[in-house]
Structure formats: structure tokens, C-alpha cells
Amino acid sequence: MTDHHTYKKVEIVGSSKKSIEDAIENALAECAKSIHNMEWFEVVETRGHIVDSKVGHYQVVLKIGFKIMDS
Amino acid sequence: MTDHHTYKKVEIVGSSKKSIEDAIENALAECAKSIHNMEWFEVVETRGHIVDSKVGHYQVVLKIGFKIMDS
Amino acid sequence: MTDHHTYKKVEIVGSSKKSIEDAIENALAECAKSIHNMEWFEVVETRGHIVDSKVGHYQVVLKIGFKIMDS
Amino acid sequence: MTDHHTYKKVEIVGSSKKSIEDAIENALAECAKSIHNMEWFEVVETRGHIVDSKVGHYQVVLKIGFKIMDS
Amino acid sequence: MTDHHTYKKVEIVGSSKKSIEDAIENALAECAKSIHNMEWFEVVETRGHIVDSKVGHYQVVLKIGFKIMDS
Amino acid sequence: MTDHHTYKKVEIVGSSKKSIEDAIENALAECAKSIHNMEWFEVVETRGHIVDSKVGHYQVVLKIGFKIMDS
Amino acid sequence: MTDHHTYKKVEIVGSSKKSIEDAIENALAECAKSIHNMEWFEVVETRGHIVDSKVGHYQVVLKIGFKIMDS
Amino acid sequence: MTDHHTYKKVEIVGSSKKSIEDAIENALAECAKSIHNMEWFEVVETRGHIVDSKVGHYQVVLKIGFKIMDS
Amino acid sequence: MTDHHTYKKVEIVGSSKKSIEDAIENALAECAKSIHNMEWFEVVETRGHIVDSKVGHYQVVLKIGFKIMDS
Amino acid sequence: MTDHHTYKKVEIVGSSKKSIEDAIENALAECAKSIHNMEWFEVVETRGHIVDSKVGHYQVVLKIGFKIMDS
Amino acid sequence: MTDHHTYKKVEIVGSSKKSIEDAIENALAECAKSIHNMEWFEVVETRGHIVDSKVGHYQVVLKIGFKIMDS
Amino acid sequence: MTDHHTYKKVEIVGSSKKSIEDAIENALAECAKSIHNMEWFEVVETRGHIVDSKVGHYQVVLKIGFKIMDS
């Protein structure tokens, strides 16, 4: 057993018609299908598409950190 | 007809007493009075006024991109 | 009486299980215990903890500006 | 009447042979010919031309913010 | 006649199927329809769409500077 | 079927003896071997090796975005 | 007695109707009421309010460094 | 009891004749005299004085985060 | 055989109780379990946890570059 | 005779007890002793020493550009 | 003989009427008159002059790295 | 005798097989062969080569400041 940990960060873009928070949750839900033990996220960029002069989709660029597990 | 497009980006500050998302929608609604065919936005900065130790207004600085139409 | 003012900015991290806006309000409420006359805030960074593949806490790093009062 | 405002920011380069402050004032004076109700400026960049090993012109890049008025 | 000049910078996105340089020229050609006396450009960002694993369009975000003329 | 999409961004360095555009195309061609449905790229950095006082290789650091497909 | 020193940096916004330099001096004078042994400053941001198309106040955001004294 | 925490970040410059790590430890030791419950640090800048063409002191600018405790 | 190479960069956080250099080596050792032919690293961020007013762990965020091999 | 020019940029720190503009002029005057044909400058950083709670010296970090002459 | 090397980086602006790549090559060719053993370059900024609504000159700001040779 | 000083900053890359601090010292030692009176350094970037999944060389990019002496 080691006394230190190693983490990997991946860059993901989540989207939502509803809110910035929902776009973040959507990104996490999608990543959860292949990455377990996600620990934190950092918002890198917030943007979106405009449809009929309203927000069509919020797009939130995240970095997601997770522990690399020893095999 | 050309096979490429040109876009312009303008920098707008929207505000709202309610939420960051509402400040973005307010900015888009105001811009829609003079700019048609807005396509995307990028959040540049999020800030706000404080009134009585609470958020008075959220202020969201956006860049809004729209296609320049041929006359 | 002077014709100019001086402000100080402090860097605070607010958190919330609910939303980015709530994390900002929580930071302001906590600061209000020791700082009066807060005037504006600037969001410096938005991040959070992930619990069971969902957002556990939003963490919003703010700079908060307030007027330095003459004694 | 709304309870929120929308602002636009434009990027202007003022110049002056005398000083940085004078270059800022020159930019504001020129903008005042077409923009009313300017509210704030932010200095983005300070630079200049050199003539005979002295400052020929200061050039100050500003963002100028003004309220978008309802028609 | 004044001894100083004022410039405005606008942010434009040019695109091209061919090259980065062509995207810049396309942006300038489109702007020339409404802006005369453009003097310089600065590349802010270079990106593009991918179609069938190849570059579909280069998209170059430019700031374009031009002198504000006295009327 | 969902009403939102999730994207991943990977950071790739393409190189070419010929041009910046060719380095971008080389990066895309190499990625296409393992990633399908690439949608956009962003140039992060442009650099290169120098051989005999000429450009030996252009090296272009890209972020490449692609949709994460539901299984 | 130690062979090293520790410094703290605080972020202050000074203002002046006259000049950028005067706004810096005003910030230092105000800080001197509570902080002794200030050693250096760094200009972080220069901005201002506009009144009647002229500079109303220059606002200069500074970081001010001072030695933490052993008690 | 609340379900969220608030943190403050202060900016400190530690120094050491020996190493970057030692400069960090010196900054923490000095801060510990007035701040309890420090939780994390972020290195903002690494620099130093040069004496006789060797490093005289390493100077490491840190942000230090600590929980604001309810009274 | 081609006359150019393609590289991928991954973002990894290494940690160590001892030093910044050791945190970097730990990150490389962990990555070596799945990535061969790593060629270079870039330090993106240096931070750490504080335990009892001392550094508990250094955490070093790295980008690690490696050649993508033709199959 | 060529149809293009090559410039070099050097980074210089000028200082003055009086003003930011004077620190810039002092830097140019000193550089003029070894560099002829300086063409432009860019302010990179503005800072200073504090003496008795007042500005002791303004220190302005400049990049100075000059044409490389063919021999 | 040492087991390590020291490099210097200089900042150069190359220009060309033709292309970004040609501006880079022109900068390298000019530097080769006084600097031998240049090893790599990094593009810092891409800009240009506009003449008659077309690119007059591309101007590419480079950092060029070269090994410092022991005498 | 003047009441102000002018400094120049040069950008140097030091390397070492041992540590970040040693790479800094190596850069200073090499520069000392041609530059006297170096006063301070700023770390701009830390990176390195990887050999056999370990750090081969640390490479530290520094800016080194020194006073320009009157002749």
C-alpha cells in the first residue's frame, strides 16, 4: 500500500436546455458510464447555442478528476 | 453563394436579480432588438452587486456571435 | 471628507449542495458576520466535489470588494 | 420598466503625446461623438510608438461600457 | 486637425475550407463591405470544424483595428 | 433518446514538415484511427523544431472534440 | 533570529479624480492606517468611472506586499 | 449546524535559502501563528534573489485556504 | 513509414509527502503502468494539502506527452 | 533589398520616483545607449517600491521592439 | 563536459506578404546571421497589417530557443 | 549619478538531472559567464524530458533580471 495517490483529469463538455448546473450533472452522468470514482470537477468554460434569441443549450466545459486505481 | 461564413462577436453585460442563467437570457433578449441571427454565446466573466449582504444583481459578461449577412 | 474611496478585496470560497448561486449567497452570508458594507463580487473559479457520480458540493471562489471606512 | 439593465462594451485605442491619462481622455472624447451614457472603462493594454528614442505616442487600449437604452 | 488618432477594434470570425490565411482574407473581405480604413488585425483564436476526419472549415477569430474618422 | 449531448476533448500534437495546416490534418488523420465522430478542433499552441536555421517540423498542439456515444 | 522573511499580499482598490499615480498613492495612504512596513505594490488592473464623457475616477487595483513581523 | 463550509484564501510569500519546499514550509509555519485550520495551498509564483550568481533566497508566492469557523 | 509523428498529452496529478520532484516521479511511475514511451512533461499547477500547519502532500498537476504508435 | 522586416523585442524595467510615464522614458533613454531604431514598446507590468507608505519608485516592465538591420 | 545544457530564448517578429509559415522562415533566416544552433521556436502571437482591405504583411511573434555554448 | 536604475530581463532555460533547484542554479552559473550583477529570477515554466518512465532532465524556464550599468 502506498502513501500517495495519482489522479487523472479528463476534459468533458456537458450540455443542457435548462441550466448550467444541469449541464454539469449531465456531463457527470455520462462519464459515470465509463469512469468510476470521480472526485472533483473544475468549470473551464461556459458557453451555449442561441435559438430564436434564447439559450438553446448551455454548454459547460469541465475538467473531471478521478483516482487512478492500482490493478 | 459562398462556401464560407463570417461572424461578428459583440461583448454584452446582462444582469438579473434572480440567477446567472436569467442574466444571460436578459442579455440575449435585449440584443435581439437590434441583432438577428445570434448563434452562440461565451461567458467571459460573472460578477454582481451586493445589497444588504446578499446578491443584488448578477452581472454576466458575454460574447455573442452572429453571422454577418450579405446584403 | 475626501473625494475618493479605497476598497479592499478578499478571496472567499462558498459552497452549496444546491446551486452556484446558492454557493455565492452562502459565501456572502458568512462574510457578513465580520465585513459590513460589501459592495461587489467577482467569480474567480467554479468547481465542486463529486459524490456517487453527482455534484456533492458546488464550490465557488469569489473576490468580494468592500469599502475601507475611515475610523 | 425593467428591474435590470444591459450594457455593451466596445474596444477602443486612444492615443496621446502627453500621458496615459490623456490617451484615455482622448478615447472617451472621440467615443462621445457617437456613444452617449458611457459608464466605465477598463484598460486592456498600454503601449506606444517610439520616435528618436522617446515616447512618440502613448496608445491605450480600453474597453468602454455603456447602457443599452430601450427605444 | 488633431495630433492624435482613435481606433476601434472589432472581433470577427472568418472561415475557409482552404487555409488559415484564407480564413483571415475572407474575414477582411467581408468587413470591407462596411468598414473602410482597416489598419491591422490580431489573431485571437484558431479553430475549425472536422468533417470525415479532415478539416471542414478553418475558423479564425480576429480583432480588426481601424481608425475612427472625424465626420 | 436524450435532448442533450456530451463531448470529450483530447489534447493532441500533430507535426508536419510542410505547414501548420498539414500538421493539423496529420493529427486528425492519426486520431481517426481510434476516434470516430470528431467534430471540432482548437489550436492551443504552435511551435516547431529548427534544423539548419529552417523549420524542421511544425508542431501544432490541438484540442479535438468528439461526441460520446451512448452504448 | 531567522534567516528568512514571510510577506503577505493584500488586494486594494485606490481611486482618484486626477491620475493613475494619485490613485496608487491614495491606496497606500489608506492602507498605512492599519498596515505598517509596506514594501512593494503590483498594479493588477486599471479602470475607472466615466462622468459626462470624461474620466470621473481612476480606479487602480493593487496588490500590496508587507513583511509579517514576529511578535 | 450547516451542510456547507466557507473558506478564505490569503496570499503569502515564503522564502528560504535552501529550497522551494522549504520556502513553502516557512510560509506555513509563519501563518500558523495567527491562522489555525489551514487546509490547502496553491503555488502562484516562484522567484528569488540572486547573490553572487547563485540563488540567495527562493521566494514562493502561495495562496493558503482555511475554513472560516462559526463563532 | 511517415516523416512525422503524432503525440497525445494527458493531464495527471501526482502527489508526495516528500517533495515536488517526488510527486512528479510518482505520477510518471503510475502512468508507466498503462502508457509506454512517455517523452516529456509540463508542470501545470503545484499545490498541496496542509496537515498540522505543515505540508501533508504536495500535489503536482502535469501534462505528460507520449508518441501515438502506429499499429 | 527585401520586402519584409524582422524585429527583435527585449524586456526592460525602467524606474522613476515621479511617474509611470517617466519610468518608461527612463527605460527608453537607457536602451538608446546600445539600441538604435527602437520602434514601439508594450507595458508588461507596473509595480513599485514603497518607502514610508508612499511610492518610492515606479517600476515599469516594458517590451521594446526594434528593427534588425541588415549588415 | 557537463551532463546538462542551458538555452536562451529570444523574442523575434518575422513578417511576410505571403503566409504565416513564410513569416516564420524569414525570422529564422534573419536570426541565423547572428545566432547559430537555433533549436526550436514557439509562436507567441500572429497579427498583420491591412492594406486595401487585404493582408499587407503577416507578422508572427516568435520565441526562438538556442543552446548556450561553452567557450 | 542618477536616482533611478534600469534592468534587463533575459529568458533562460536551465536543466538538471537532479532537481528543479539544481536546474535553476545551473542556469545562473551559465549566465554568470557573460552577465554580471544578476539580481533576481522568476520561474516561467517547469517541464522535463522523460527517460524510461522517469525524469531524465528537469527543464526550468527562467527570466533573469540584472541592472544595466552605465559605461
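As written, the chain order gives the labels A, B, C, D, E, F, G, H, I, J, K and L, with residue 1 at the start of each chain.
Please note the rule applied: contacts are C-beta pairs under 8 Å (C-beta built on N, C-alpha and C of every residue); 3 or more make two chains touch, one makes a residue touch a chain.
Listed by chain with UniProt protein names: A, B, C, D, E, F, G, H, I, J, K, L = Dodecin domain-containing protein.
The shown structure was predicted, so the numbers you read here are calculated from the model rather than taken from an experiment.
Summary of the copy comparison: rotating chain E onto chain L for the best CA superposition needs 120 degrees, to the nearest 5.
Residue-numbered contact pairs of K-L overlap by over half with those of A-F, the repeat interface among I-L, A-F or G-J. One inter-chain figure worth recording: chain A and chain C are separated by 23 Å, centre to centre, where each centre is the mean of the chain's CA atoms. If each chain is reduced to the centroid of its CA atoms, chain C and chain H end up 21 Å from each other. A separation of 38 Å divides the Cα centre of chain D from that of chain L.
Inter-chain spacing, taken between the CA centroids of chain A and chain E, is 33 Å.
Contacts with at least two other chains are made by residues 10-11, 20, 31 of chain E. Inter-chain contacts occur between A-B, A-C, A-F, A-I, B-C, B-D, B-E, C-G, C-H, D-E, D-G, D-J, E-F, E-K, F-I, F-K, G-H, G-J, H-I, H-L, I-L, J-K, J-L, K-L. Chain K contributes residues 19-21, 24-25, 28-29, 31-32, 38-43, 64 to its touches with chain F in the complex.
Of all the residues in chain C, the ones that touch chain H in their complex are 10-17, 23, 26-27, 30-31, 33, 57, 61.
Listing the residues of chain B that touch chain E in their complex gives 3-11, 63, 65, 68, 71.
The touching residues of chain H, counted against chain L in their complex, run 19-20, 45-50, 53-55, 58.
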